[in-house]
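Per-chain numbering from 1; labels A, B and C assigned in written order.
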Amino acid sequence: MWKFSLRMAKDRVFIVAVSAFTILTVYPLLHIIYSVARNGLPVIMERGPTFFTGGMSEAGIGPAIAGTFLLVLLSSLIGLPIAFLVGVYAYEYPDSLIGRTTQALLQIMLEFPTVLVGVFVMDIIVLPMGTFSALAGAFALAIIMMPYVAVYTKEAMRQIPFTYREASFGLGVGRVKAIFRILVPLAKRGITTGILISMAKVAGETAPLLFTAGGLYESYPTSVTEPVGAIPLLIYTLIQSPSKDAHSMAWGASLVLLIFFLGVFIPIRRSLKVVRL
Amino acid sequence: MITKKTVFGLVIVAIILAAGAYACMSKESSKGLVSIRTTGATFPQYQIQKWIEIYLKEHPNVKIEYEGGGSGHGQEAFLQGLTHIGRTDPPVRESTWNQFKKTGDQPLQFPEVVGAVVVSYNVPGLNSLKLSKDALVGIFIGNIIYWDDPVLKELNPNANLPHKEIIVVHRSDSSGTTSIFTTYMSLINKTWKSRVGAGKTVEWPTDSMGRGLGGKGNPGVVTVLMQTPYSICYTELSFALEEGLSVAEIENAQGAFVKPTKNTIKAAVSAVSSHIPSPSEGYMEDLSQLLNAPGEDSYPIVAFTHLLVWKNLGGKHYSTKEAKAIKDFLFWILTDGQKEENLAPGYVGLPPEVAEMGLSAVNSIHE
Amino acid sequence: MYSRVADRFRLITSPAVFFVFILFCGMLAVYFSNAYPAIRREGVHLFLDNTWRAAEEPEEEYYGIAAAIWGSIYTSSIAILISMPLAISYSIFVVDCAPKRVKNVLIITSDVMAGLPTIIYGIWGVFVLVPFMKRYVMTPLYEHLHFIPLFSTPPISGFSYLSAGVLLAIMVTPFSSAIIREAYQMVPFRYREGAYALGLTRYEATKVLLGYIKPAIYSGLVLAFGRAIGETVAVSLVIGNSFNLTPSIFSPGYTISSLIANQFGNSFIYGHMRPVLYAAGLVLFLIGFLVNLAGMFILRRWKKNVEI
């Protein structure tokens, strides 16, 4: 009897601890969403539409929003084609020397500190150009985006049953046609998911933009070779000011960023679970 | 195979493309728009921002982007061509000036406003603080450890000084404000001069004692001060006014204890005949000319803060539109901007002959 | 005929692959070449000393980034110390205890946390976490236990190794828990059946099963460490940015990434600061690289053993 209850007691404690720790793990997200909403909503309500369209002097973050869109668009244009091709290569030749090295390289790049990417791009683009620019920022973001898209592409293609490959080759379809015309469209959902998740992630990056984008918050960006602002970068700058106004603006901008991120990420993520071929 | 997911994905892509198109469209509608960028010292932050705001009202198509970063960053951004107008508190050093000239263009430096470095503190229950020269140095060099040190008690017999360690907040970035403050400290105390010296970045003795904190930019320092009880810092007067911080009375050259106000700053400026060299030889200016000024009412830590522009030889750094806008803006700063109603709290206008030097420089910019 | 067609595929995709290779090598080359002057000038003391003397005269400059290296390693260690029990518990709960709907919600929550923009963690950290930590955790601990060296610094502003470590733990747990969760799920059902058949309690059975996936746990730990060390924005906002080198967790400090983030903007006017920052970046890269390599290696070896 005595031994039995000690074991049961340990078991009880264990269950409680595990449950408690699990709640502790996910609770911060809830609290973060709550804090951002609670602090950001009043700011947006108060300032209305000018918050989204006005420049800094009008207490608005319009240029930052435009900047983020521009940067995401540009970095996708630069990074997606390359990443897609790399992902397909890694899928097709997983065991070749180049293939294995590529996969290892992708893993390394996935975990690369983002600030170092920014510093690198500053060295090779910003300084020679003589100015901060959307191009530089987009390039830095593209470098960060690439491993994600490549890995998602490869994994999505790997989900396709082997029978489709066999059938294509059995019919005499060449490798290029088989992969790009038959298999890739089959993996379309997984690949698109990967692309959208990577775009959402890159929209929230700050460190790579610190030394490349420059910041532009009074007027809307008009050219890719000029400095540009971004929402995360703006928030970072505003947090470090002592004025309460700057802090309110930071919360408001955070809410905008959060809504954008969750709005893209959650539906995409949910649909990923559903992908079954 | 148009599924819900495909539609959703297309919608997202469409939104992004639309936003991009909007950004390009605004390019069309903003044909008349000029974007100017100014980077550097946070010492004149509130003044520059006020000027930008007022100027924007009369010139809505000239968008002036304010960027901080400190005097060091301002000089560097100016050198690299990453900004149009650099801002630096201390005059640029000769070596840096030569680097500027190596770009093939002629740099111009001139003051735009006068400000004061104040000593601000955050001690609950303490509303006024007198600091003699020795006390000031003692605190920042680390010899005076507690707020209720006998030296401080003697200077402030009625004050509520607690037995807590003094936390010294300083700049973590390359700062003109630090330069002004440490130059003053070197001026009034030999031990400081040999041990710490002057410069945009120095090694603060209190850091190694565990009683030091760094903040980025004047805003950063003030943020840290406000969040850290029993701390003390040095910052520009406007920040103390803007955030309602307590400011110490400092002993001036005459031995009187003065609070930093518009009048005490003006007294310092008028007590000294400022010598501003030609703007094309800005490195020759002496940072310490307004420091420790004589006069009963003079506040001791007063300084000019400067703007850096290019003469734009051969259109090297500015397009015609930009050059025109820059000239116009700077001209306005040195004339209308110096009027009392356009000055921000904590700053004092330039003596007329100093403003003249700046105007001659601005007029010489090539379009 | 076939080889020509195969070549066409390679022709299309190889440029992309080579581009990535060149990019990566380029990054390393830029880092090494920019860092070299600093290493040549100061030698190994660059990494062992704790000084930061930036001066206008180039001869006067002297930099030692020991404080930043210490800070990076220390905060990441605190982070994984806190994160490990959380990640393991979470994985156990999701795989063993949770009903299906809750399981999905928990997994998506974890993924959202993994991808959440770090600046949002940062702003929450500065305005919510740090005041909370200072009032409810650090001050009581300091008042009662300040004789222990670990707690010996008075928590003045709340910005400290501990705050950074806790924030990092929250940010990094989703990464390690993803790996551990997947591995735990893969444990063959028969082991579970066997354990319960022998009459083990859930606690004892779980202990056995976790032992089975130990390499995955190590791998998760190591990958989390690598992630934590590279984090810049959130950490630089809550660590206090002070050149301290102390084990006291309430003290403000510096990490390599926040050093770079803060000082790079200034570095051009100081003749020798820029190479030092590149050298710091190199250290960061090396630590992260080695750590990730180790993690991947452990995981791969274990996966090979398990996938029969």
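In the analysis below, a residue touches a chain if its C-beta (ideal position, glycine included) is under 8 Å from a C-beta of that chain, and two chains touch if they have at least 3 such contacts.
Keep in mind that what you see is a predicted model, and the values were worked out from it rather than measured.
Participant: More C-beta pairs touching across which pair, A-C or B-C?
Facilitator: A-C
Participant: Centre-to-centre on C-alpha atoms, which chain is most distant from chain A?
Facilitator: Using the mean of the C-alpha atoms as each chain's centre, the farthest one from chain A is B.
Participant: Measure off the straight-line distance from the CA centroid of chain B to the CA centroid of chain C, and report it in whole Å.
Facilitator: 36
Participant: Chain A to chain C: how many Å between their CA centres?
Facilitator: Averaging C-alpha atoms per chain gives centres 18 Å apart.
Participant: So which stretches of chain A touch two or more other chains?
Facilitator: Residues 240 of chain A touch two or more partner chains.
Participant: By residue number and range, which residues of chain C touch two or more other chains?
Facilitator: 265
Participant: Which parts of chain B, given as residue numbers and ranges, touch two or more other chains?
Facilitator: 80, 216, in rising order.
Participant: Please give the residue numbers of chain A that touch chain B in the complex, ascending.
Facilitator: 55-57, 65-66, 69-70, 72-73, 76, 126-127, 130-132, 189, 192, 196, 199, 214-223, 226-227, 237, 240-243, 264, 267, 271
Participant: Going by the contact rule set out above, which residues of chain B touch chain A in the complex?
Facilitator: Contact set of chain B toward chain A: 5-6, 8-9, 12, 16-17, 19-20, 22-23, 26-27, 30, 33, 35, 37, 52-53, 56, 63-68, 80-82, 216-217, 219-220, 222-223, 226, 239, 242-243.
Participant: Give the list of chain B residues in touch with chain C in this complex.
Facilitator: Interface residues on chain B, with respect to chain C: 69-70, 72-73, 75-76, 79-80, 93, 95-96, 165, 167, 172-174, 199-201, 203, 207, 210, 212-216, 224, 227-231.
Participant: Touching residues of chain C toward chain B in the complex: what are they?
Facilitator: 51-56, 153-154, 156-158, 240-244, 246, 251-252, 262-263, 265-270
Participant: Please give the residue numbers of chain C that touch chain A in the complex, ascending.
Facilitator: Touching chain A: residues 5-6, 8-9, 12-17, 19-21, 23-24, 26-27, 30-31, 34, 85-87, 89-90, 92-94, 97, 104, 106, 108-113, 115-124, 126-128, 170, 173, 177, 201-204, 206, 223, 226-227, 229-233, 237, 257, 260-261, 264-265, 277-278, 281, 284-285, 288-289, 292-293, 296 of chain C.
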